[in-house]
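For reference, chains read A, B, C and D in written order, and residue numbers begin at 1 within each chain.
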């Protein structure tokens, strides 16, 4: 079942490697179709994985199809799909620069137009889970603290987050779109890192330029790219 | 029309990828021939783009030939071609280190002979556009603040600029030459970054060595390379 | 003799290059089978090396098979195999970021879940050998100071170490496993370096998250990956 | 003439690109055979260059063979060959990290065994040429300040130097050996940079370990590698 979506999720997982977002099996991509999600199996090496190895689950986490265990981060993905109904793909990575921000406890503030082309404001960082949350259900509660970090934030205008001391979750309108956003987060993290080293006082850039750049690519007055007739 | 120039501009845009100056569609190259310019279409993926997809415009920005919308940065290119009549190619990138300087609000000062081989002094950084300039015509006014930053500077001796909180515009005698200068800016930015981290007090190097290196490669007494008889 | 193990060790040495852990001949991998070890020959270029060039030694360092001299670091490997009986493979590198920590005299503290997935606590750094230890038997005593650094530490839960002012030794259940751990150490070192630059006050992350992540992948309650029936 | 040496010098110049030591034409390699040197032509692109394009000069700089102008840095090479008679190959690069040290005005101190395997002490940095030296004969006097920096230093035990605000000259027993040393300098520069960022107080490591490592690979008691019978 969901043969085409399995193929998309499989290809998206391989793109994690192509874009240097993961080494070994440190990452996973999923996609949603209605009441089902398709996700990478846990701990299977990328160069041995096949499209048919992808695992199908319902939104309660019951395995519907597939011979492997799903990614150990599956419950986090499911929380996000349920709380953020417009997202259709999720990517999780430990990409190097972004994870350094997560470890340092720093959000990625908007310092330039590259950021504004994709994220309408800072990429937030979650709080730490407390000990009870970890013991009770670590992966599910990782989803919960992400959702908590988006109180008052439009999750489609900020399609990604840093999980403190952990890594990145990025999302979008498809598996491929979520990878695209994960690549952007890593590139922004590297530029932010260097900007802060050059000028520790830099904290933001003019809001009206952020608005302009975001609205060039997003919303009803966007004029970047081609009209698809 | 302008078949050969389209081919040049197309190839130059692919070189952006080869030299790691862009990811996805974050960059654009144009070239000028008399009263026309050829420029990359907006938001078309590099691996799908063809030479024939390049867009031809007159200097007032009227589309003369091409089925796609031109790059969203076209009006910036046009301002530069009109104000700097000797330039025949322009490259725009968000290359990683140079953009970090743009975000930090720092010009790239000349710290060594690598810099002096190409740029006769610091690579300047523009001021921020004010809110009225952004609302009125963002791309055109981006061109205007670049031109303003070159008051008193020879644009052929400093063939590139940082746009504050944005990225790089580099130019030259052809599309290929502008890419070459964009590559150099990124390499200089990385070396400057590291030099400043090693020695925060370093601000320049002797003017007479800058003069010597620049004049080895440029001007009537240049002796680098081969005489083309 | 030990034809298959020679093949494994040979391939593992080539992986050092593939994972950018060494340039030239700066590294070596060995594996143990009972009372014998197989190790890379000293100073032979990777692109000329063959599986049959691997050297077989007994645990006292007597050459049993092979036409070449073994790696100059052989006595360090032997000390480790004798003191840590459960390890079956060892990798030595001067990988760039990890060696920077070794040169700076800094251990690699646990700052996140990437670290906790592999190492149950800080990756320790040895003391300097004193002058007598260097003169008497440098390589053997390098093994001794590593063993000293693991007093009170489970060497299977922390499968690697920084040798001060020198580089990395990583180990595991096979040659390939030791390389895997060496790759992880380099990646952790890079992320730690960046985290510390971003936030010099960061020293650790909650112990209960470290415990959780380590136990997801290790020990009897591990649930990462697939059950191998 | 010198067909084989031309081939070696040609290949060595291509290795500059392979090892990421140069972009475009920013670097050059030469080799010496008796009273002649072979050197790269000036400003010829690496992907168009042929072995037969190499230029032959005598030690006074007279062109003996070749249709092109020699590298603009030829006079620096010649000064070094005359003052350091045991060197048979020289590489000049603007490699990124090492040039950052040159720009920052910092020598590369010995912080670990990777350094000690190749360089018996700090890699020195020259003083700036004064204005008269630049005007009189810039390239020749660049050679002179290198030689001045080696007063009291064995040029075979420290086979390379940083030219202040400029870049690297490395040398050795052949063109290939000089490239090897240039690669090592870049790797050491990167590790030194990171070590200093991690621990600004680090200045050296024990002299008796430096001695031990250098003598493992160099001199009559060397025991690294294979005896060549």
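Observations on the structure shown:
Please note the rule applied: a residue touches a chain if its C-beta (ideal position, glycine included) is under 8 Å from a C-beta of that chain, and two chains touch if they have at least 3 such contacts.
Owing to the predicted nature of the structure, the values given are computational and were not obtained by experimental measurement.
Annotation of chain A and chain C: not jointly contacted by any chain, touch as defined at the top.
Placing every chain at the mean of its C-alpha atoms, the farthest one from chain D is found to be A. Although chain C and chain D share one sequence, what matters here is the overlap of their interface residues, and that overlap falls short of half of the numbers used. Averaged C-alpha coordinates put the centre of chain B at 46 Å from the centre of chain C.
Centre to centre, using the average C-alpha position, chain A and chain D are separated by 46 Å.
Once the centre of each chain is set as its mean CA position, chain B and chain D turn out to be 33 Å apart. The multi-chain contact residues of chain C, meaning those touching 2 or more other chains, are 196-197.
According to the touch criterion at the top of this document, the contacting chain pairs are A-B, A-C, B-D, C-D. Listing the residues of chain A that touch chain B in their complex gives 111-114, 117, 180, 183, 187, 190-192, 194-199, 202, 205-206, 208-209, 212, 216, 223-227.
Across the complex, chain C is touched by residues 23-24, 26, 41-44, 68-69, 72, 94, 96-97, 99-106, 128-129, 131, 134-135, 138, 164-167, 193, 196-197 of chain A.
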